[in-house]
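Each in structure tokens, the structures are laid out below.
Shared between the two complexes below is chain A, which has chain B as its partner in the first and chain C in the second.
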Partner chain A sequence: MRVAQARRFVVSDHPLPWLLPLVAILLVFTVYPLIYNIWLSFHEFVPRRRALEFVGTENWVQLWNDTRFWQSLVITFTYFAIALVFELVLGMAIALLLDSDGFGFGFLRGVLTMTLVIPPAIVGMMYLLMEDPQFGVISYLLQSIGLLNPNNPILATASTALAGVLVAEIWQWTPFMVLIFLAGLRALPPEPYEAAMIDGASSFQIFRRITLPMMSKVIAIAVLVRGIDLFRVFDYVFVMTSGGPGASTYSLSLYAWQQTFSFVKWGYGATLSLVTLVIILVIANLFIRIAKVRW
Partner chain B sequence: MKDSIRKAHLASVTDRFVRGQMDRRSFLRAASILGLGAGALGMGLGRRPFYGISQASAQEQELKPSAEITKWLSDVGKPFAGTTLRLATESTPPSNAIATQLKQYFEEATGIKVEIEVLPLEQVLQKLTLDVASSLGTYDLYYIDQSWAASFSQDVFDPREQLKNADLAMPNYNIDDFLKPLVDGIAMYEDRMVGVPYDIPIFIMQYRKDVWDELKLPPPATLDDLLKASAAITDAKGPNMYGTSGQMKSGHYSLECDWTAWLWGHGGSIFGPDGKFTGNDEAGLAAMAYWDKLKATMPPGVDGWTWDGEGQSVGQGVAASMLSWGEFFPFFDDPKASKVSGLMEAMVPPKPAATLRTVEQTGFGEIPGVGHQGGSSLAVSKYSKSPDAAWIFMQWATSADTQALITVLGGGTGPTRTSVYDDPRVLANARVGAGTTRHLPVVRDTIANYMGSEPDLPAWAELSSDMIPVALGKYFAGQSGSAKESLDALKTQVDDLVAKG
Partner chain C sequence: MNGSFSTRMLRTIAAWVVVAVFFFPIYYWTSVAFKHGNDIFNRPPKLFAFTPTFDNFQKVFGISLGSGGITVTPGGGNFYMAPRVWDSIVIATLSTVLAVAIATLAAYALSRMNFRGRHSFVGWVLSTRMMPPVAVAVPMFFIYKNFGLIDTYTGMVLIHALMNLPLAVLLMKSFFDDIPSEIDESAIVDGASRFMIFRRIVLPMAKGGIAATAVLCFIFSWTEFLFALTLTTTSVKTVPVVSSTFVTSIGTAWGNMAALGAASIIPAFIVILLVQKHLVRGLTMGSLKQ
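This part shows the complex of A and B:
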């Protein structure tokens, strides 16, 4: 390409010149690490020799036989499903309550965004204290009403630890759902509602027949964004339980991090990360097709 | 000076320091006069909780390196002036004391700059691993936890070899002054010396003498005494106070530390001479049975605590005793931080319930003993671009004089050198109060006679920080059946991992 042609190309309406820097950044910081990760999953770092050695499919075979991996997969799915259902239902309920221009509602909507600016690790530490069996307010309240045995601390008992972590997750991210749903609700046209009210439809009928169908795309986007995030859960379990008691709160991300950084198994850690990525991609794509999400 | 005026001055100097309008030395001097401990500078830096600088001792004594050492540093360090050394370390008493109070003397005398990164232990391991994998020499000095000695043994200089260079050898450095059990337990891997002992947390018995006296209980001299007394206290004072405490967080290294104390104390060991896991044998099961009974006397939150929660439970009066790290003792004696100042007594760990196994009856150099030893070494990296300057720093940091200063400034850490235990500056601090050293004779006795040390093998970092504490956590959470079933399953996992090398 000659100089004059290049100059014309740059000043033309063609988007490529403007996209090239972004594409280059994506190649360097996304595509290259992904390819390197795939390559790494067929290797393993050998501490004795301070070298990466080719191990073929050994990491993938190990993954298949690794009970901790399967356990962490189940835990991650459980965490994902419970958190998503709670955040969706609560988010929608709160959004419906806050969908008003009455006095004080603007302030309430502002207050809700506050949880989103707190780093998840800090929220984890807050709940760690609140669920402490000695002086935690949540433990105290649950013990007071007889729902918690003082000898079974929330985060140190296998049957309650995941619930203890989920409370922090749901508390912090339900407002995110509220904000998305509120934006959707406020963008809905008023005419169908007016017609329904004239026809004498009840509030529940209006919600089920009008609001929900019209909000379906917004809900799908919210599910997709939060679902991907939920599947990568790390901060809360790391801070609150470190995966315990036993391995009852071990998430896939925590397991991958531990193998990579604590035990220097770079190859196996890369394999675990890849599996997480593949699962997220498959589920997200399926969901996009089923929910007919359009970008 | 009125309290309000003092606080106003304190706020003013802190503000100037934070804004960079005042150097650290001036700030420390001013803060010291105004009653602020330099430990405030280290707040929140690491995961080991009670490693502040002893405010009381720092104020009472003129604590500076000896003139003789300073002169040697000045002479030998001149050729290296302008060099920068880097050390990544956990937040430990020696590192905190050096970083906040002492390294300025080294830097002034030699012209060598020292950068100390204080990180959580697992991050130190990551940094060192990346450094040796890439051979970049980012860090000149390695802080090596005893469980990593095998992993890094080929990546550091053997200090015995370094001492042969007479031009750089510190006069009277005396490597034989390091306590021999620590050299064997922390710093040796096969025939190599992986640095010199730098830091020694060790299990000692710490108990509320007032409670023991009130209930007319015999001091916990045996494991059986400890169990009976703990049960009696929990019965008499629970749920306001429990007999003893623990560091039993599932999946955390601290749980493995507690386990070994009971295991060794019941005549068991982690490995047999053939390198196979033996924690599930008869002695191992006896230890678990004992532990189950002892746990019933502990506060309910114990399953979620590492050493931090355990220490707080005693310091706040929730538990009346603990067999745990001696470094907590100076914190217990600090009336500003704990409710038990002057009430605690230190003694050597309780006598085992069965005869201890010998080193020959165990595997990978494991040394059975109820006094579980932690600890770390300091070594010069083979990839360092300035190994000679790093060796000068290492000698200074681990010399008897610096170690004595660290012990007094660092809040009562156990010294790694014999001579430091007898140093007048250290002995002068043996009184009730913050930063006390009155427990150090017990620490010394424990190191010499009751110390237990973990095995040395490359897989130990994973075994001790994950596989074993996760399996124990599952057991206590009721997820893995009986003690025998849990330990049998653990044996399969451990033997598989060890066989892979």
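This part shows the complex of A and C:
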């Protein structure tokens, strides 16, 4: 009886005072900027009058006809897809490799963790050095095995610039997948494996039929968390290529940022950043529904 | 799953090789940080055989290592970074305190109290994590300008706290969910108030979780780039933002850059020491338990 009373008291407790600071800061820092952004997307800064002017749907029409925008959308999706596939496959392979009790494996996991906490902007600068055509260690390696023409600097050649950026991205974030997958693998029950061993299943069959299905929730969360970050890539491209050469590494975030801060197209920049937000929210929410991710 | 001795041996060797490949860039940058200029520009790149120097660190941090031990000489040099390191520390620390305080309160309510719309509220918090920073940074720039928050500690602390709130809320909620709610209920029977239970019972039990959340918030603020780039100009700048100042018209100061890079690995060691147990949970905002 007393427990039931207590439970009723717990339920009736009012959450508002507890949530108020969070709600306040989220309202001020996300809802207000969002509304401001929408308002801004119907305006444009007019330099000669030094003021914002109402331009109606002009920015949205411009967006539709802007080949640079569509190009950056394709580049962002390409970056997103390539990085995600590499990080997932490499991450799973390394996690399977590390999921045993070999010599010093705890230490190895620690080393992998290190890549995750170096500022991506600094990682970008470091890869800029490693991919330098004259004295970069990666360039030197690729040139000496004949994979890279010394006259084509990786980051200044349109066909290889995106790959040059992706190397930094994949290097930094594959360990993230490894750690998540290792946590997932560690939590798997041993019984299905024992049964499969008795039935004489091959290790590939075991992976396909047992490990992958049981890991689906973990994989879904990894895709979601990493995918959101990949789609808003900014740090690496800003530091390593600034979108160039030409427009071969322009990501949506970088394009929106440059329109606002380099070209003083405040309204158009706001429109671009809104579109980026909408695309991420739509895709992420669809994914959450389809993959049944629970938080 | 263990196989024979030779397969285990092969597996161990393969694991060491793979991790060595991932560690190589970190070794390489650190080696550049200790190189003289002409060793950096050597071709083929010098990996091991070079005379180490502490010059780069001295230029960047004003710290020199001589026969008399470590001496600190502030100021000087084009790339003197100590004030920026200080800015980064102040911003990361204060924003972490703010985010963790707000998140802990909210997460307790979300974990213990049943109210209508709780699920959609969690969904809303999560959706703020999905916002591309650029979608916030652009309007924030104008809002900050109007309120004089550009280039201030306050402005950076607020925006970094905001950025970390969804992570902190969802993570703290998952830690609170692990503490059985029967403990709260029996304390209520004994006549304790909600806040007393929170402060005296739940908070001490969630100490490890709070520490993990705090360290992760600190790291995300320490590594954040876009807000810091957009909302600061001259007097307040964080370490990632100044990394591109090493690129000058007469070439890039790679040695100095690498010294900053090598120093930025230090937080990595701290993380590994402090929160490795909770790291995965933190990176996935509590949705995965390890």
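Please note the rule applied: the second predicted complex is superposed on the first by the 283 of 295 C-alpha atoms of A that agree within 3 Å, B and C clash if a C-alpha of one lies under 4 Å from a C-alpha of the other, contacts with A are read in each partner's own complex, and residues count from 1 in each chain.
In the analysis below, a contact is a pair of C-beta atoms (placed from the backbone, for glycine too) under 8 Å apart; a residue touches a chain by one contact, two chains touch by 3 or more.
The structure displayed is predicted, hence computed values, not measured ones.
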Query: With the two structures laid over each other on chain A, which partner does A:F45 touch: chain B (first), chain C (second), both, or neither?
result: first
- prompt: Is A:F261 contacted by the first partner chain B, the second partner chain C, both or neither?
  reply: both
Partner touching more residues of chain A, whether chain B or chain C: C
- request: State whether A:L22 touches chain B only (first), chain C only (second), both chains, or neither.
  value: second
- request: Quick one: classify A:I122 as touching chain B (first), chain C (second), both or neither.
  value: second
Query: Looking at the overlay, what does A:P150 touch: chain B (first), chain C (second), both, or neither?
result: first
Message: Contacts for A:Q134 in the overlay, against chain B (first) and chain C (second): which applies, first, second, both or neither?
response: both
Message: By the touch definition at the top of the document, which applies to A:P175: first (chain B), second (chain C), both, or neither?
response: second
Common interface positions of chain A, toward chain B and toward chain C: 134, 261
Statement: Per the touch rule above, chain C residues touching chain A in the complex are 1-2, 8, 11-12, 14-16, 18-19, 22-23, 25-26, 28-29, 32, 40-45, 47, 101-103, 105-106, 108-110, 112-115, 121-143, 158-159, 161-162, 165, 169-170, 181, 184-186, 188-189, 194, 219, 222-226, 229-230, 239-241, 243-244, 246, 252, 254, 257-258, 260-261, 264-265, 267-269, 271-272, 276, 279-281, 283-290
- prompt: Which of the residues in chain A come into contact with chain C in the complex?
  reply: 2-3, 5-7, 9-11, 13-15, 18-19, 21-22, 25-26, 29-30, 32-34, 36-37, 40, 94, 97-98, 100, 102-105, 108-122, 124-130, 134-137, 140, 144, 171, 174-176, 179-180, 182-184, 186-187, 193, 218, 221-222, 225, 228, 231-232, 234-235, 238-239, 252-253, 256-257, 260-261, 266, 269-270, 273-274, 276-277, 280-281, 284-285, 293-295
- prompt: Which positions of chain A touch chain B when the two form their complex?
  reply: 45, 47-48, 50, 132-134, 150-153, 155-158, 241-248, 258, 261-264
Residues of chain B that touch chain A when the two form their complex: 122, 125-126, 129, 132-133, 135, 151, 239, 249-252, 299-304, 313, 318, 458, 461-462, 465-466, 470, 473-480, 501
